[in-house]
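Each structure below is given as structure tokens.
In what comes next, chain A is part of two complexes: it sits with chain B in the first one and with chain C in the second one.
Now for the complex of A and B:
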């Protein structure tokens, strides 16, 4: 039952390896994917879709890019990273500074932001030559603490926050959620596509081998240090690009968006979605974004109507529910929503003859 | 000269508290190979429970202390029973991740019940001060220093000479082996979390009476992590020494550089130490070869 997702519906036979490796295997899947893409691109024009919903979707798309990177490092390569939002910060400030000091446009800065974040990420990944597991996780926590301090006290400009230009193509300025939607969604799609394909190729398989048994992987001739550094670089490159998107979307760069707690939120998203699963990352990000929004609405109402609750109880509720859910998922369903989704697919394919 | 002397003294005094908290990490790590990221938050909860018994219920000091430490033990046991117990046999990394989320839940729980604003201050120790040259030393600092060293000594003796301590060290080595030797892994883990909860409560009460009862207390965990790692996660004496080292470097760095540079400096030292001595100064060196 474990690998139900890898089996196509009955009646589909592959006579070539190429066919067997396809992501989209059946006509139905093809039609559904195209329909979903069209749906995604006409969404802002539909009735009832307000700026509020679009802002949520843009936030989820940016979080998705961050979490994809995190899932490649933590889910596929097995190196726990508790400092992801610090790398997002590196990308964000690189992009914002290049934009506001040197006037570079977004299309140049987002690559540079990704590369800068990757360089910092590789630097903090270097201890992985001798460390692993818990000890390596500590260096990422160190990255969070040290980088935040550098941004807060190292440079006056990053501590105070400053404005950034919106994204432009020719004369079109993407300065509202309705417009920025068409920047964020293509970015999220392309990054998802890269992640999915990269994890099916040689580096991806090497990552999985390192995660499952690093000694066996080294015995098979995988250069562990190189691939761990590569995983760090990919993870932090994703974080950097997402950071660049974030500042150009908000048109403001500030330190408060990149705390240790944000790093933990990203971990919750990939745990709820499923470690080592690209589809799971998408499910997890959507699930947590919606849940967070619901609690943001319920929290103040509860605080206002239940007099025995103290001030600030709403944020406590959020922490309990999100943290509690991550614990439940880790102990009851470690493979996350992605696994549940696969079980559901297997169920309806076999229905009514499942056993 | 006086400046650096006072920095050294205050660093050592703070360092003893970091060492005490780091002992909590060592205790759990020695019995289950799990780093408890929620140690700082267990400390926070312990402090708030003490505040509840002392101020809200109005008990006298010793009864409140006794009850708070008892409840701390129960909280530790409850945490193990509800979360970690279900993860026995799963990869270690998921056990460690659970403790990160545990810290979220505990902080949420505390702010749901007591709110997120600082509580009314209560003093436990006397306010007496001593002068050493031109430096001031409070009785509070001395109590904390003494308590940390005593606890460390007790733990070292406990792990070395008692059957329970031996069983805990065995459980850390391998669950299956210990289970087949007739030792209940579940019971051992449960008790070690209970003791860690007690230690966290003691640390929380000391810290709360110095820094005030507020949510920020949990940040001490962030400084105690480098302390525990630099000393070596398996060694109680290493935790105390690591705590003193981190305390010293924190106070000297913040004295000369300022700007709350103590925490990042501690982590920088941690990373450098881990590159050259991955298992800390007193830790158990594990050799792996392909």
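Now for the complex of A and C:
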């Protein structure tokens, strides 16, 4: 760790590679990280933190895992994916069916769910060898449609929906938000840590190279097809694990929970947070989650007090505002909240000096 | 403002909104013990039209009771209904969030009109001991002791009941043709596999033939499917689709001059089809109703319940065309009110909760018709399906009129797991 408690305006300069590679560079950062972890783990015990708030946090944690995978593929590797929800569905139903039909517990099914989603993701990632941009996006859209159709007509049980056992450790059953919180948060932390380190490693650098200029990357000796497929595999593995968490949290597996609209929401989250940034993913998920709750409060008030609004218009505000957010951020701040966060940090570190 | 200051402001706003989130959750307040009815509906998404109407119907009826009747009277006092709503956006996880929020606000009874939500929330309302009154029970919730239906008798019974009706008409006509051949045309919507669950076995038991065709959702032409059904010699066709799909089928049938009668399943009502396609297109189209339709046919005398429903619609939605699913919501509200009224005969207002309303209220509902809006609703210990009677109607000159008497529905239940 740097021999300083705070982040000096001149920056941290390491004299060893090992020190330079640390994520936590100063003592202050270490203390704040530990404090944040403690805060996270005692949160359910705090006053005013109701079951509803914990549910929101759990939902955000699961969305974070999904969006981390999506950002690895889309943000870091530059391969647009608008069918992420379908891969979440693959993981969800894999986990649910293994649990329901064969009695496998969550601790076995979540890995298998991730692997199953990754296998399907790699299959749909094969066109990426020739397709880019909009054309690849349409392929992933095709994945969403095809996988939904298979779930609807391929297996009656997936169309009907079925119950799933809750997560258990010994005699502890995680069937309430207060308990499941301690499953969702560690998963989110581990997956975030893994994603952060992955992007600082060789595959991560290869993804960035492919995103920035795939021809140049190929010219440097990077096997772009292999790394694109790896990116698809990682992205969909994340989606599969999140799907498994989701069904064991809801204790119900249902087709209607995985729609194209959800895929769009995940994309909006990483647009708002910032492509190619792990911190941005976290900020984007929190921002959209909080924004949705604000709209839930404002929507009915607007509908009740503005007589010219038709029935249901208040709820429609959600779609308008969330969609509008994507447009605003792409136009005004394409680097997302992550960039704003970096500007804030720079401002804070230099304060009271301007530069 | 410089970029840095803007960043600082944005983050202060974000932090403030996060910290203020606990303040936005509601908590039950006030000294009076109202009965809290929570509604979780998809106000956005593919089923928003139906859900909005159901929510509106139950809310308008319960508000009417509060305002016009002063609440619901019991032996030891009166209670008013406090109606709370939550938008699930047609997402099961959000529906569960909504349940948690409404529960924190003191919810005693849950209501909605969504099979998916009925199933996804089953563990929640059973654990919380909060009865559900729903216009649409799902697969698992049809078996639940805490779920009370007030609309159809289970999605798998719609086509079965229609087949039974067609067979009886065919037998009355002297079994022309030797074997009865029926057809069904479906769209690829999530409920379709449930509606057709094991229907081949049922068809075999009935000794008839069923020809099935599918049209993709969003298609604008169903002619090939209808042509194949015609070539197969079907006598009648059952349309398992929403109103949009039904209009496409009707348009295609009209362009082919197909005279085979078509019947709409309860996934959409004739009123929806008339609104969307127009009375001319819908002429001769048949449909099934589990309650009286909203259509103001001058030849048919409305029941007291229907007259009340029409009045509430005109009062609360004067500029909009009447919608049949509004009646579904009205009926939910009526069942809720009846359950609370019965419970108040045994339990004083301050002791009322979900469990008491279930035990002393809903479980005692017998022969309830909603002022003539539907046939008898009786809940038995192992059967909370609701009205098990259906009637078929046909569109004539823009109105709907009955084409059959009330008849019992089949009572098949899809296995729970």
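Here, the second predicted complex is superposed on the first by the 343 of 355 C-alpha atoms of A that agree within 3 Å, B and C clash if a C-alpha of one lies under 4 Å from a C-alpha of the other, contacts with A are read in each partner's own complex, and residues count from 1 in each chain.
The rule we apply is simple: a contact is a pair of C-beta atoms (placed from the backbone, for glycine too) under 8 Å apart; a residue touches a chain by one contact, two chains touch by 3 or more.
Source: prediction; values computed, not measured.
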{"item": "Which of chain B and chain C A:149 touches, first, second, both or neither", "value": "both"}
{"item": "Partner chain(s) touched by A:127 [first = chain B, second = chain C, both, neither]", "value": "first"}
{"item": "Partner chain(s) touched by A:344 [first = chain B, second = chain C, both, neither]", "value": "second"}
{"item": "Partner chain in contact with A:48 - chain B first, chain C second, else both or neither", "value": "second"}
{"item": "Touching partner for A:318 - first (chain B), second (chain C), both, neither", "value": "both"}
{"item": "Touched partner set for A:302, first chain B, second chain C, both or neither", "value": "neither"}
{"item": "Which of chain B and chain C A:250 touches, first, second, both or neither", "value": "second"}
{"item": "Touched partner set for A:115, first chain B, second chain C, both or neither", "value": "neither"}
{"item": "First, second, both or neither for A:138, with chain B first and chain C second", "value": "first"}
{"item": "Common ground on chain A, meaning residues reached by chain C in one complex and by chain B in the other", "value": "149, 152-153, 310-312, 315-316, 318-319"}
{"item": "Residues of chain A that touch chain B when the two form their complex", "value": "78, 80, 82, 124, 126-127, 130-131, 133-135, 137-139, 141-142, 145-146, 149-150, 152-153, 215, 218-219, 264, 267-268, 271, 309-313, 315-324, 326-327, 330-332, 334"}
{"item": "Residues on chain B engaged by chain A in the complex (per definition of touch)", "value": "35, 83, 86-87, 90, 92-94, 96-98, 100-105, 107-117, 222, 225-226, 229, 259-261, 263-264, 267-268, 270-271, 274-275, 278, 288, 290"}
{"item": "Touching residues (chain side chain A, partner chain C) in the complex", "value": "48-53, 55-56, 59, 100, 149, 152-153, 156, 159-163, 175, 177, 246, 249-252, 254-257, 259, 261-262, 286-287, 290, 293-294, 296-297, 299-300, 310-312, 314-316, 318-319, 337, 340-341, 343-344, 346-348"}
{"item": "Chain C to chain A touching residues, read off their complex", "value": "3-8, 10-11, 14, 17-18, 21-25, 43-45, 48, 52, 56, 85-87, 89-93, 96-97, 100-101, 103-104, 116, 119-120, 122-123, 138-140, 188, 190, 192-194, 197, 317, 320, 414, 417"}
